[in-house]
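Same chain, two partners: chain A is paired with chain B first, then with chain C.
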Partner chain A sequence: MTDLATRPAETSVLRKIDWPTFIRRYGAAIVLALLVLFNIIFTENFLDLRNILFVQLRQAAPTAIVALGMALVIATGGIDLSVGAVVALSGQVTAVFLLDGVPPLVALPIGILVGVAAGLFNGTLVSRFGIQPMIATLVLFTAGRGLAQVVTGGRIQTVNQPIVEFLGLGVVAGLPISVFSLIVVTVAIMLVTRFTPAGTKLLAVGGNERAAGLVGIRTKRVKTMAYVVAGGLAGFVGLLELGRIQASDATNAGLNMELDAIAAVAVAGTTLAGGTFSPGRTIVGVLMLRLLQNTLVAHGIPREVAQIAQGLIIVAAIYLLRRSRDAR
Partner chain B sequence: MSAATADVATVGHRLALQRRGTVAVLVLVVLLASLRYGDAFYSGINLTSYFDDAVKYSLIALGMTFVIMTGGIDLSVGSVILLAGVAGGLASPHGAVVAVLVGVGTGAAVGAVNGLLIAHSRLEPFVVTLATLLWARGLGLQLADTQTVVYGSGALTSLARDKIFGLTTGFWLMVVLFVIAAVVLKFTAWGRTVLAIGDSEESTSLLGVPTRLNKFSVYLLSGALAGLAGVVLGSQTGSVSMDTGVGWELIAVAAVVVGGTLLTGGVGSIGGTLAGLLLLQVIFTIINFENGRGGIEINSYWQNVVRGAFLLVVVLLQTGVGRGRKKS
Partner chain C sequence: MTDVTHEGPLLEMRGVTKSFRGARALDDATMTVGRNQIRALIGQNGAGKSTLIKILTGVYRRDGGEVRLDGNAVDFRSTADAQKAGVVTIYQEVNLVPKLSVAENIFLGRFPRRRGFVDWATMRSGARDALAKLSLDIDVTRPLGSYRVATQQMTAIARAVSLEARLLVLDEPTSSLAEREVETLFGVMRSLRDSGVSMVFVSHRMDELYEICEDVTVLRDGRTVAEESLATLNQYELVSKMLGRAAEQVASGARTSARPKQQAEPVLAVSGAASAPRLRDASLAVYAGQVQGVAGLLGSGRSELLRSVFGADPLDAGEIKVNGRTGSLRTPGEAIAARVAFLTEDRRAEGIVPHLSVRDNLTLALLPKLTKRGIVDRKRQRQIVTDYIARLGIKAQADQPIVELSGGNQQKVLLARWLATEPAVLLLDEPTRGIDVSAKAEILALVDKLAADGMGVLLVSSELEEVVSACDDVTVLRDGVSVARVSLDRLSEESLMAVMASGEAVPPSEASSPDVPQKDKADD
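This part shows the complex of A and B:
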């Protein structure tokens, strides 16, 4: 808008658009669209609904759910390095309970509770004890996967149970269960953040914690809640991953998921400084990074090179974020 | 302004206390261990394997200390170790000097990229080095064709096995580098600037100190040291495998934090980092000894749990000491 006031001579519509900001906001979506277009033309059977739903989206959904939790935490100005380890821990605890013959109705909620407890632990360290989020969540990042390995004794054991099969291969309302869950989680988070005071409080705490406290927001509680939700979602994804692998695997379940989630949030044009939250763009970020990797690998480019491309995309994204005028 | 200075003074005092605590615990633990295990604890094999690990970790922890003192973070060091280790290994047929130069040069080059993006383009260190973590590892894997890189039985590998006063050359390299670093931090303008930037970048910049160059050089140094660590690793073990360095950045961060360097920058100690690292490593050595004696049944998976728990105790003590001082 300031452009209009200071430079009235310019009439072209294109000039009036704040390009850096536009690219920051919609860059990931544009790259995603280009990738989809490329795949429609050059990749066989890409447009097949089964491929889209049951390969591409199903692969991306667990990371996307974790990334939504991460976006909540980042909105408060924090970071959660522990989510990958929590995915492993919740999955392994559930697997061990199921193998011991505990009914799924008990074992599955325990998995999610493990995640919630982890989130509560992180949130308490960050908000009550004032420990920097990176260090606070580093504790569980390190110990969480270790605990998961202790729980399973490091063994990979097949879990042959209908409920685990359902978590991995189940179809709900025509959608793979992970995609269905992603939609439910997204809608729930959008409703809560848009239509209840929780969303405003979240952004207020991330934007200026002291000011938020002064206007009567219980900043500690808000921050703790963000970590609890992130932990709970990671716990749930632990169950999905257990279903995907159909076995206990403490070493690989959820490995590097925190990095993928942070990368997606960054690519989505969200500053890690806090104060912004956009579930839609976060999911676009996850889909974009995942499809980029799949596209490169599908066209014979080694996975290592695809990894290099992913790194470069992240740098490009935050470079644009820095350039854009509404970056804080 | 004066309030902020007082704050830093208090924090500095608190962290100095913590450093003394770390050193005291280290001495105590070593004394108890030598009482319990006797000469076996100081046996050649144990000392060599202990310091072989400590040297590699200490090099990246040293670079990380400077980075963290400026208020930044370098998540890419684990990947740089792989990349530089591979590059050095490929160059090793041309002689030890070439291998070291190539390894350190590769690390420095990656560090320079980090430094440019962080100091010049003012991007967030966390995300920049996260992206580097991805692309540097991708590059390393690609360069090695995902095969273990072998360091021939040249001068480098025999140098790693050579001993001076009963301790490996790597140990002396570590000691010399830490002494130099401590002197540089304390007595050079560059060192003082590192701490000043971490305290308040804006004020430092207003005083006319070239903060950008200083920040750039800190990441350059971290990269170069990680590169050196890669070559050291290759020379110690004779090869660099493809999972090298995964998660090592967090081992380094843990050592720095335990050593009493403030993660937000401005206050820290080189000797503290070394003490923190040696303490963490000695605890794992003791766990191994206890296992060997059959006194306790702790498998290697507990190592990460212990590391996490230790980190937790330290950060809780940090905040506890801080609160105690505030009240008084």
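This part shows the complex of A and C:
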């Protein structure tokens, strides 16, 4: 029963600038801009195109692709802890096939399919069986990397094939292949959310699942799809990582990538409760955290301290998120 | 069991006031509970029942007024405080720990100890004793959650008894019980009363109140409007006090003539619909061009009826025909495809998607129709949104998040969401709840126009005035059963109240439509 106490207060139309919300949305971009400015002044050769494209962006792109998938899952109110392990699994499966002499045209799609299957598994656990996303994806978080190690027999094997070299060092349209892929993925996601009903459905399910169900949206299917896309993207990043390492390495491929992705989504000002999604801000979040690390390390600050700095940034982002929600 | 130190009533609450962020929830509420008494506490949604109970049990603190227990002024700061004084609440959804054993639940927070360790043997035998007092013999080592709700409730009561409660507050304890279980509960309540425990009993079922309670406290708009003996107050008088409409004041605001039916066959026909646990046997018909009302007290199954029609709740029995087509709608998607629309009662929980724009919220149900070969027709979407913003006078920008709008404007957006699907049947559940007077009038005028344009409207409202003035015909639900149909020539707040209270005032033979079998199911 609703009592007066629980009756929502009427919200007034507030069109003034709401600072907490502004900083939540654009805080990551502002910090990124400050970091770029700092580096232009204090870091040698920072503005060198090769450094920007082939060091900074190439490093950040795989995480950014995974983070986009993560942002989709988080928009539904879920989370996907398994993506790092899926990166490892897809890379190892592909490596083993390539080493067995399977042609790349078959082996590479298989890697992506491994990711899609993992996503389907996660999505089914979450939406059909109603298991909490954090627990459901914990299954593949542990089992996925274990499986990757079983697949390769636990050994690191060098994969000397032109296709793997291309995945690591290839240049498409003047861009490193990972950066090019990031642009393709981002544009694709933006087009799909702009022109098809998928984006609205995603936000409706994340924003108010019951209401979404009552307007005829198949909420379970939408949620499952978010995990499938996240898994597929992780599968693709597994190929990029295989190229970067030029070897099958089940232990380190994609390690902690899920955490970097979640951190990026959080500092981008996305509520983890679901209902919001911004590809642009998610990428800014990844770039900002990566550049922060690189900047601190480049200026002689130990990596451990740099990690502490990253933690502080995340705390600040979460604090702002709460502030701006209270402001509503 | 009671040590009588004071001859007056056990509990006296006088002039209690409470506000939340400036909104008055209680304004001069009074309740007196005598010794060995079971008192009914009733009131509509928002009348302040919960607030009053929460003040009594220490969940909220009052702003003003006084509370005396055994003649002594008390001011509970927490539920633990209240429990120490012997005031315990049993909620409708048992708030114990389902994973713990029955014994652990009974002794939660006060495990018997022996040399610092939990004394399990004493705990188990203590739990068995407490349950035996209620004539219940169950395995106390099994988890509470493995038992039926009724047993869980008994466990909660056993816990209260073993806490030496002197005043039990039972907040809608019967709402999820079967008839036989209700009888068992009443037996326990009677024996507790005879052993010196007083009770406050909250229920919306009139028959139950008369069966188990001696006296009643009626709350309306945060004030106590009556404290009387049920022996001198009949059901009709009780309902009219609760709704605040004395029989002599009731204006008959009904229409002078019914809107014409635009087709001979009903556009929606429901017969014998049942959906556990609330909806038991409901039948009604909605005709194109008319507004069919559904009236009934809280908990009578009004919303559940609409949810079942819309495919949001599964139908256990009965038949639903939309546009003459049989085969009930199993999902909201199917209902929408069959041109049924459903404006839900709870705008926040089941209506708006808060951070989406007015545009996206308004076209959410229309999305499949706006999509051609996978691409959303944004141009048409913009047109439709602009059109409805103008037509319904929505004060908002299309790209503004809906959460920023006032309640009335949010409601208009949600109504537009459904109108945009061009439904043949429109289900409205409390469409004017919580919105201001002018928005309310606009929405009711719109409903009138929609019916005139040929839509079949099914309107649920707990405001009788609204039902009487807007509808051509009203079906009355009582405990999940459509007990009567009141046609326009007899439609008045008075006649509705009479049926809602007793289910008998309008003879069942009144059924004016032969195509819908009328159920005479007055609970004798």
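Keep this in mind: the second predicted complex is superposed on the first by the 308 of 328 C-alpha atoms of A that agree within 3 Å, B and C clash if a C-alpha of one lies under 4 Å from a C-alpha of the other, contacts with A are read in each partner's own complex, and residues count from 1 in each chain.
Convention: a residue touches a chain if its C-beta (ideal position, glycine included) is under 8 Å from a C-beta of that chain, and two chains touch if they have at least 3 such contacts.
Fair warning: this is a prediction, and the values are worked out from it, not measured in the lab.
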{"item": "Per-residue touch tally on chain A - higher for chain B or for chain C", "value": "B"}
{"item": "First (chain B), second (chain C), both or neither touched by A:208", "value": "second"}
{"item": "Partner chain in contact with A:197 - chain B first, chain C second, else both or neither", "value": "second"}
{"item": "Which of chain B and chain C A:29 touches, first, second, both or neither", "value": "neither"}
{"item": "Chain B versus chain C as contact partner of A:276, first or second or both or neither", "value": "second"}
{"item": "Partner chain in contact with A:216 - chain B first, chain C second, else both or neither", "value": "second"}
{"item": "First, second, both or neither for A:169, with chain B first and chain C second", "value": "neither"}
{"item": "Chain C-touching residues of chain A, taken from the complex the two chains share", "value": "1-5, 7-14, 195-197, 200-201, 203-204, 207-208, 210-218, 275-276, 328"}
{"item": "Chain B-facing residues of chain A, complex", "value": "79, 81, 125, 129-132, 134-136, 138-147, 149-150, 153-154, 250, 259, 262-263, 266, 271-273, 302, 304-308, 310-312, 314-315, 318-319, 322"}
{"item": "In the complex, chain C residues that touch chain A", "value": "20-21, 23-25, 45-46, 48-51, 60, 222, 298, 310, 312, 331-333, 335-337, 342, 344, 348-356, 360, 364-365, 367-368, 370-371, 374-376, 378, 396, 400, 403-407, 417, 434"}
{"item": "Residue ranges of chain B in contact with chain A within the complex", "value": "73, 117, 121-124, 126-128, 130-139, 141-142, 146, 250, 253-254, 257, 263-264, 299, 301-309, 311-312, 315-316, 318-319"}
